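A, B and C are the chain letters, set down in written order, and residue numbers restart from 1 in every chain.
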Amino acid sequence: MIAAGNNLGKMRATAPLVHNITNYVAMNFMANVLLAVGASPAMVHAREEVAEFAALAQALSVNIGTADPEWGAAMLDAARVMNDHARPWVFDPVGVAATRFRQSLSKDLLALRPTVIRGNASEILTLAGMTGRARGVDAGDSVDAAIDAATALAQSTGRVVAVSGPVDYVTDGTQSYRVSNGHPLMTKVTVMGCSLNSVIAAFCVGQPVLEATAAALASYGLAGEAAARIANGPGSFQPAFLDALAAQTPEALSEGARINRA
Amino acid sequence: MIAAGNNLGKMRATAPLVHNITNYVAMNFMANVLLAVGASPAMVHAREEVAEFAALAQALSVNIGTADPEWGAAMLDAARVMNDHARPWVFDPVGVAATRFRQSLSKDLLALRPTVIRGNASEILTLAGMTGRARGVDAGDSVDAAIDAATALAQSTGRVVAVSGPVDYVTDGTQSYRVSNGHPLMTKVTVMGCSLNSVIAAFCVGQPVLEATAAALASYGLAGEAAARIANGPGSFQPAFLDALAAQTPEALSEGARINRA
Amino acid sequence: MIAAGNNLGKMRATAPLVHNITNYVAMNFMANVLLAVGASPAMVHAREEVAEFAALAQALSVNIGTADPEWGAAMLDAARVMNDHARPWVFDPVGVAATRFRQSLSKDLLALRPTVIRGNASEILTLAGMTGRARGVDAGDSVDAAIDAATALAQSTGRVVAVSGPVDYVTDGTQSYRVSNGHPLMTKVTVMGCSLNSVIAAFCVGQPVLEATAAALASYGLAGEAAARIANGPGSFQPAFLDALAAQTPEALSEGARINRA
């Protein structure tokens, strides 16, 4: 049983500095999401400073959505720093099936064993070496189709893997949870998934990774439910979502979280 | 006579994947605009993957607002892929008069004959080789002053040219339309024009280009009218605009579109 | 005594084109802020065009938040153009204490004597060669702790320095003001400080720099107060803030500005 509110409370007490090397589309919204949940965001990528900066951060999120070779190298630099300091870092394999460049960069990142990998079903299937029907960066197979892949990936990396969908699935290869918070409007707003990864990174600071990841998924989904109740569409959803993240109390999260052993 | 609602309905049924190589300012809002209208966005620019990714997309938009030589080369790579597959791509010559770099890159893009060119009057005048009084990226001459330039440009490329303004003008060099949907608040929000180009790209997939472009202009302007009715200024306009795009029905568009033969 | 409303009125009458070389996180919001206050934004960074573009602009803001060596060189190019034309430019030393790269680039920018430097206390302390306890890009010492540093920095550059905090401090090394407009919610939204610098740049066009800077700080803070009255959190604060900037009249600013000689 996960008391997700405790994880939220601990994250806020830490107020971790999260270093993000993410895509251009996500940067502003991700920073606002991190501020809303109570963490501190920083976006830094230049190779001249990325490792030095990573050493100041308590967690890292990397996202290959608009990467190029320079940025890819910066991601690897920063991930190594986190590994050296035993700090959590989260990998978002956006659209990994789409191009050889993404597959190659993802392979290099995987070799560094990210603390958490979170993607949609087709991305997790691709990473696990199975066949994803990738279409752009959003699409793909059902979460259920990716459960074996997620388990295999978690076992081969020895880390945690999360599959996003109507019901999220998160596993460390042995224990698994399903998290059923969320709302369909979340799929009509760009970079909702990208920004979630930085929240997972924040929750993982000083907390058990599997539980912290499940709690982050529940927190994020619960805020989405609250926002959807007052939104008139995908535009008004965004400010309402940030408001809901900021207003969410640990008590409300523990009460509203729908996390079940899988 | 254009039944714009039919164009919207067909675009939504296709839900095209639109590849965008655009400026940094526009990326997030453009992605949300594409999701709101019912298309699927992707932003990809690295030369190591841009052509491979373009081959997966059904349409492309390119925008030189914050380009550099690397990004410019990626735009040319992606545009060639669209030409090879006879898929639509839309060119936004942001601030083309401002610098020689923009003029040179625009000349190279023009040589690939974009399916649609959309810009403000001074941008179209510059492209047509006439004299635009360019000031930054927003300013310029009246739409009427650019009609001859638009016609000449459409005839020389054999494609469609649209001039944005209080009343938009769109022409294939022979047939022309005026579209008078829209609201002045749209000029007080950044990247509204940039994002429109990606919507035009989405509408053009599998549809006659001149009609699809006029329908996209009307759809966008009509959503702006709806948003302006509930907005208190340029800030609240943005979420209201995304909501209005998502809520717009084909019937409402056919009824509200103000498209006239010019 | 500063009649801040006069400064706002003059800025709007000029409607200056402000060239910004800023971080990726800030670009969209900064452009919308500039449009809301009545200025005209442009984001241009490629070395192939940055100097040519700067010559068209009436003011410049530079921000090292996500800089790399190429962008740094572009900042220096553009700043030299502004100096050559005796036009104002504003420097935002985001997170300068964090890495050697930031310190080195900041040193080069400082050598060009920015018209205004605005940062938080730890950033100003770092620039002045004192010891800042820098943590990421947000944190730091109290404004009071940075007053001597700000004065020293203003005297060594011969320009204006502003320290942001609950009460802002702005000085030219001889005369100083405290500006106490603002609201704590402004610290829960990303790039509020970054975007402020572009507003300061707009206000400085053709106006006395110390007074214009104080007026810009008051205008921005007053809009924040208005937005906070109707916001439900950091999400709804953002559209409300842009609305408030656009709706602010010179009269309301002169009445609401809390600027005092320090």
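Definition applied: a residue touches a chain if its C-beta (ideal position, glycine included) is under 8 Å from a C-beta of that chain, and two chains touch if they have at least 3 such contacts.
Note that the structure is predicted; figures quoted are calculated from it, not measured.
In a homomeric contact, the two copies may use the same or different surfaces; for chain A and chain B, under half of the interface residue numbers are shared, pointing to different surfaces. It takes 120 degrees of rotation, in steps of 5, to superpose the Cα atoms of chain B onto those of chain C.
Centroids built from CA atoms put chain B at 33 Å from chain A. Touching two or more other chains at once are residues 24, 28, 238-239 of chain B. Across the complex, chain C meets chain A through its residues 23-26, 28-29, 65-69, 95, 98-102, 135-139, 188-191, 231-239. Residue ranges of chain C in contact with chain B, taken from their complex: 17, 24, 27-28, 31-32, 35-36, 40-49, 52-53, 56-57, 238-247.
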